[in-house]
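To start, the structure under review is shown below, and the notes come after it.
In order of appearance the chains are A, B, C, D and E, and numbering begins at 1 in each one.
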Amino acid sequence: MKRVGVFLCWCGSNISSAVDLDQVAEQTALLPHVVHVEQYKYLCSDPGQETVRKAIKEHALNRVVIAACSPRMHERTFRRAVGSVGLNPHLMEIANIREQCSWVHPDKVTSTPVAVDLVRTAVAKAVKDIPLEPSYVGIEKRALVVGGGIAGIQAALDIADSGYEVVLVEREPTIGGRMAQLDKTFPTLDCSSCILTPKMVEAGQDPRIRLLTYAEVESLSGYIGNFEARIRMKARSVDLDRCTGCGDCWNKCPYRSPGEFDLGLGKRKAIYLPFPQAVPNKPVLDRATCAYFQKDGKCQVCKKVCAPGAIDFEQQDEILEERFGAVVVATGFDLWDHGRYGEYGAGQHPDVISSLEFERLVSASGPTDGKIKRPSDGKLPERVVFIQCVGSRDEAKGVPYCSKVCCMYTAKHAILLKEKIPSSQSYVFYIDVRAAGKNYEEFYRRATVEYGAQYIRGRVSRIYPRGDSLVVVGEDTLLGQKVEVEADLVVLATAVVSRSDAPQVAQKLGFSYDQHGFFTEAHPKLAPVETNTAGIFLAGACQGPKDIPDTVAQAGAAAAKVVRLFAKDQLETEPTVARVDRARCAGCEWCRPICPYKAIEMEAVTERVGSGQVARRVAKVNPSLCHGCGACSVACRSGAMNLLGFSNEQVWAEVEALCL
Amino acid sequence: MKLAYYPGCSSHGSAADYDRSARAVAGALALELVDVPEWNCCGASSAHGADHRLAMYLPGRNLAVAAGMGMGGVVTPCAACYSRLNRAHHWLAEDRRRWLELSAAVGVPYNDVGKPRSLLEVVVGDVGLEAVAAQVRRPLKGLKAAAYYGCLMLKPPEVARFDDPENPRSMDDLLQALGAQPVRWGFKTECCGASLSVSRPELVEKLVGDILDNASAAGAECVVTACPMCQANLEQRRSERHRLPVFYFTDLAGIAFGLSPRELGIPMHLGEPLELLRGKGLLAAGEEGQG
Amino acid sequence: MSVAEREPKIVGFLCNWCSYAGADLAGTSRTSYPTSVRVIRVPCSGRVNPQFVLRAFQLGADGVLVAGCHPGDCHYSTGNYFTRRRFLLVKRFLDYLGIDQRRFRLRWISASEGPKFAETIREMTEELRQLGPRDAAAVEAHAE
Amino acid sequence: MAVVDLTEAAKGREELLTRVRELAETDPLACYQCGKCSAGCPLSFAMDYQPRQIIRLVQLGMREQALGSSTIWLCAGCATCTTRCPRQVKIDGVMDALRQLAGQDGRAPREREVAAFHTSFLESVRRGGRVHELGMVGSYKLRTRRIFQDGGLGWNLLRHRRLPLKASPLRDRKTVERIFRAAEVRG
Amino acid sequence: MRSEAVRAAARRLLEEGKVVRFLGHAPGFDPTSPFPQLITRAEEAERLVLDHFCAPNLAKYLLDYETQEGVTAVVLKGCDALGLARLLADHRVARDRVWVVGLPCPGMLDRDKAAALLPGVQEARAEGDEFVLTGAGGERRVAAGQVLLDRCLVCAVPTPDDADELLGEPVPGRPVPREEDAAVAALEAMTSAERKAYWTEQFSRCIRCMACRNVCPACNCRSCCFDSEEPRWLSRVTDGPAQEMFHFVRALHVAGRCVDCHECERVCPMDIPLMKLNHKLLQDVEELFELERAFVPREVEPLGIYRPDDPEEFA
């Protein structure tokens, strides 16, 4: 006998203010199988859950319907509450009368019938619920970290330190990411490589971390605890075991071309080390600019001078297949292409540069050894204009959001400029200085008071050349007057944007991304480092613009999530998976090609027919591989394949109840 | 190629010279311009400040008449008329019900005549630079010219939908095709003050001064424009220190095609436009000193 | 009251990861939309069996909406590709059997497209109101 | 500088905002006062309020100051501001709308000569369907009693056959008259 | 016509022990509607017959012997062979337990058309492009086109291509191109309401005898969803909606898998135009999923695969 208890939540007043719950209760009480209806102000609270538990015991309920907020919010909470009094957690259904009723139908007269229908439907489904038990699956206690910037490095170190094996995959020839390109970091003016390099070395030397640089994840399949990754090791043309990093090859190599690390401001050889502190501290041969590959085998200087014989032109890409239990994605960000800012003549005038280019100029390991030389004529600039929000907060340019970090690094640039060229004067055109972090406001104050940066509130409208300097036209909105600055160098704080191939990476690894290409977290406030795909975590700017402190904090959080997963020996998988009714299954295999997780196999069964035994083949679902999407249950015309939790019986009952 | 031609009010008066060179160059490029019959004033700078409906109906009527002519679309030499016609076309394209409103107001049925185009847009876009270069008899060798686009031909981009509002290239490319040497300068798209020339001439003098300073600093020997208001302001509101002659792009195209200054109405410009052409050896014997 | 006044009834099958989350987002941003829709949550749009859709029509639904993730973004990677194939056929076959194809809608609505969900419901409700009532013979007598 | 009573200004704010939104088909509230419009405006040097400040006045509902400004008259309509606005506010549309509201309020324009020019211009259009430049400038001079302005320039243009004495109006004068009336009716 | 050949084949196969049973046709109530006949001993071969009225498709009967020992021989025409191919593709029958006796099919007669032309018709003899009908009412010579089954007029596969032995020389398919089914186009031209009325009337005649399901090689589930108690996909009441559900589901379940053999239409006692449903789906499958001859069974059914660039109508 099905004994259903229905609990209507007020949700403070979120529901009760827009839905006549008394009327809902009244009509629900008339439904078949409903033996108990109760209202409570906050069902999700402890006392709220206690009333449910008490009612289950008191009225011997064997089905529960919670009419409250979305199941995406508290399904797990109420399952646990129901389970705690011995009732199978899957004998509980939720009617969403908040997000999909009271909050969208404010008028009580019209919203109440909707709530009545939704509760009736939930009751109909609950009546068809059957107890479900989770199954357990093993966990491969190895972590894959995608992206070798500070986020990836920190996550890898934390996971390795907890005793688990980590594979860190980095697309560039060295780890270090964006931070390696920075000179100093705010708000403490620590030298970026001084605080980053030790972590890089540590990551390079930690036996539990396997560095795969100049490599990309080709594909990822499987599910939490049992991922299978195919990793492409791009041909480096250098045998890392033999190479000692002595430098003979890149010293002798005659071919030079613009260096990507220095954003084209400096040159590097065809075989090169991106920057001195690179880890691994071994070169990579760029086949696009190497004469051996481009001019069919002419020059082999590097091979000749290499004592340990580490140069290998025949090296091919290699595919590694590895198993992992969890993945941390830390693929970082790019800067917006300021060439699209026609008004600033960017891309046409060499002295209008991006903030990262300025960072390279001011960096000691940069192309100009730290001297801020103007790209046009190499002179030291006296008057430098910094422009904030170039691309950011600009719907016309397609980047409506604030990039969060530019205000602080521009203040840093103003300080570095004054330190390097004491006679210089910096002008910063800003709209709002956003210095909300710890010691950030104080740092901004130093830039103006101690280093004399001239802050002008107003967006620059236009930059045009006059003689060999640049005229920057803006409005000082505090003065209320149009202003001009004649500058020797203009630095644009361009917007932080997602990597150009971020959507492809997201689809390849199997989680979602937003319209700007930033990866979508499971919940912006409650689950910022998780994705909707269990077992895949996020860290750093790939999830949205953020500074180094937040990035490192997220990396630590992601690592904690991984370690928390690995602390278990086996994983409890959702019981709402597909199941075959052997008696009905004809073994036609219509279901098999549908499953993206290859969770359906055929198995031989023997059964008595008349006097003899007969063998035949039926479908079999592997509960640990099945994710419970249900696509196979529709392909099975006879209804032999069913999806537990959303079974044919349950959905059919919902449709019937809904349309009465 | 046959197009409905909207000359605009200044073609009778202060821009009679532009009208002459425009028609001459169109003829040389086998562009058949058929005047919009009984065209009316587009409202230029005054209508849109007085009444939004008036600012749409005045140019709207011309679009409706042009649509009735069944040509390949409507073209106008003047940047102000081009801007107003485009605004009306954009307003009509947004909502078909406005077609009925316009037809009722102006008494001419409207259907889409296609995006109005400026003469420069047609010469560079439809005729094409190869066809222009093919007509060149007298390349403007050594003539350093500052291509001045002004504002109404390019802005706002979602209405004008022509070239790049910040770094336009079309007139520079045309000058190159004519053999001239376009100079790189910063005031290509700065506004000249347009109709303020009559009511607040001193403001226009300041704007024109800045534009011409930047042009001469960039080594230009003359300024080339495609808008009668810009030409009038640059020519009539400049101070003594500026001697740069101001041509219409159709003047230079005509000269390059071998047409005489008289046919192009160049002598009607104020200042000494012929002096520069003579200096560059671009005037044949007979064309000297035509008043 | 005739259907013109009575609000059309729409049965909505929403996939849990995208469209249901989108509908929730419309709720959290307090975007109101007509009370015509009743939502049934399914793990994936690929779980919606065409027989559920026809059953809904037979039980008096004026319109049926199936909503899922945009192809390529499915939480189960390929579920909605099968949804698309099935309902390319079913949409036409329903119409062929005399159920006007404007009564059935399949739409890709992502978790961040709350407004698109509300707009879909408004559009469908308006269109169904204009389509008018479904003939009585098609709707099963409600034997209690 | 007197203290601005914002609650007082707020009374007319909603009405002003609605009218501006309707006429300019844009929303001034989207503006976050970044000043890019003022910076790019060729005539802001001559204006009492910067274009940004005009938008600020509208945001606050300060109708008197906005409609009484010289800015809305000195705006040349070059649309540089609208082209570059990061919040895609049509600032040139707002200027047009405010000029229309000033006209409707019957307020004396802050820039008398500019307003006079536009009146003469539209009179000439209404009379002949096309602008007769000589006639229009003549009516402008009478209206502003600046009889001798640009005398030399006028003579020069006449000599170069660019200032025809005779107008060339439309054959049917009612063509444009009907348009003016239709616009006034729709208001 | 070929009765002698089929009896000889049956006797041989059974005597040699190549097969343990032989599925053929035998005379039914009257000579124009033969019955399927199973024989297990050589001497029973005499009871077999193979003439122009042997339309019934014997492929699906193989399911009954799936669980029994030994190889089964079966007489299959071209269209019947497609039915077998369907059962093989659906893993319901193992090819190595079947011996196919292929009949290069000259085209089978429509019993009703023949009876209309010559009441009491007993026999038919093919002569060139004509048939000589003989029966109680005497004899009559008629053109083939007047008396063949509709499906035989456009048959593209008269000879089974996977037969173990053939009863006679292969016959080429009729070169009639497969054009859009005119009947489907006519229905599509109607308004939604007209179609509703049409199908409601057609379906109202259905007595739910399940003959169409039982004969259809594509409808080979071990237990049919219509028989399911929970959920009750199909109400047992034969009112309007339930009839609609039955035909909607039956056609949709074979969408992309129907082999266009027309047996369902032939066996329907109430002459409901079932092929108008199947052809509509067959055309849509071919057009939407860019498939040639979608009625030929493939390794995976069209609804069991997808292409990322399938037509997108649901943005």
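By our rule, a residue touches a chain if its C-beta (ideal position, glycine included) is under 8 Å from a C-beta of that chain, and two chains touch if they have at least 3 such contacts.
Nothing here was measured: the structure is a model prediction, and the numbers come from that model.
Trainee: In this assembly, which chains make contact with chain A and also with chain D?
Mentor: In this structure, the chains that contact chain D and also chain A are B.
Trainee: Going chain by chain, each one touching the next, work out the least steps from chain B to chain E.
Mentor: The distance in steps between these two chains is 2.
Trainee: Write down the chain pair with more C-beta contact pairs when C-E is set against A-B.
Mentor: Looking at C-E and A-B side by side, C-E shows more C-beta contacts.
Trainee: Based on CA centres, what chain would you say lies at the far end from chain E?
Mentor: D
Trainee: Counting in whole Å, what is the centre-to-centre distance of chain D and chain E, each centre being its mean C-alpha position?
Mentor: Taking the mean C-alpha position of each chain, the two centres sit 82 Å apart.
Trainee: Could you grab the centroid distance between chain A and chain E? Build each centroid from C-alpha atoms only and quote it in angstrom.
Mentor: 56
Trainee: For chain C and chain D, let me know how many angstrom lie between their CA-based centres, rounded off.
Mentor: Whole-Å distance between the two chain centres: 52.
Trainee: Between chain B and chain D, what's the gap in Å when you average each chain's C-alpha atoms?
Mentor: 23
Trainee: For chain A, write out the residues touching at least two other chains, lowest number first.
Mentor: Within chain A, residues 343, 594, 635, 648, 652 contact more than one other chain.
Trainee: Taking each residue of chain D in turn, which ones touch at least two of the other chains?
Mentor: 45, 80
Trainee: Scan chain B for residues touching two or more other chains and write them down.
Mentor: Answer for chain B, listing residues that touch two or more other chains: 165.
Trainee: So which chains actually touch one another? I want all the pairs, not just one.
Mentor: Contact pairs between chains: A-B, A-C, A-D, A-E, B-D, C-E.
Trainee: In the complex, go through chain A and note every residue touching chain D.
Mentor: 343, 389, 393-397, 431, 457-462, 473-477, 480-483
Trainee: Show which residues of chain D lie in contact with chain B when the two form their complex.
Mentor: On the chain D side, the touching residues are 23, 42-43, 45-46, 74, 76-80, 82-83, 90, 92, 95-97, 99-100, 103, 111, 113-114, 116-118, 121-122, 125, 129-134, 137, 140, 144, 149-150, 153, 156-157, 160-164, 168, 170-172, 175-176, 178-180, 182-184, 186-187.
Trainee: Under the stated contact criterion, what part of chain B meets chain D in this complex?
Mentor: Touch residues, chain B against chain D: 9-10, 12-17, 38-41, 43-55, 57-58, 61, 101, 104-107, 150-152, 155-157, 165, 189-191, 193-196, 198-201, 203, 206-207, 236, 267-270.
Trainee: For the complex, give me every residue of chain C touching chain A.
Mentor: So the residues of chain C in touch with chain A come to 7, 9, 11, 16-17, 20-21, 23-24, 26-28, 30-33, 35, 38-44, 46-50, 52, 55-56, 59-61, 69, 72-73, 75-79, 82-83, 86, 110-112, 118, 142.
Trainee: Quick one: in the complex, what on chain C touches chain E?
Mentor: 50-51, 54-55, 58, 71-72, 78, 81-82, 84-93, 95-101, 106-108, 135, 137-141
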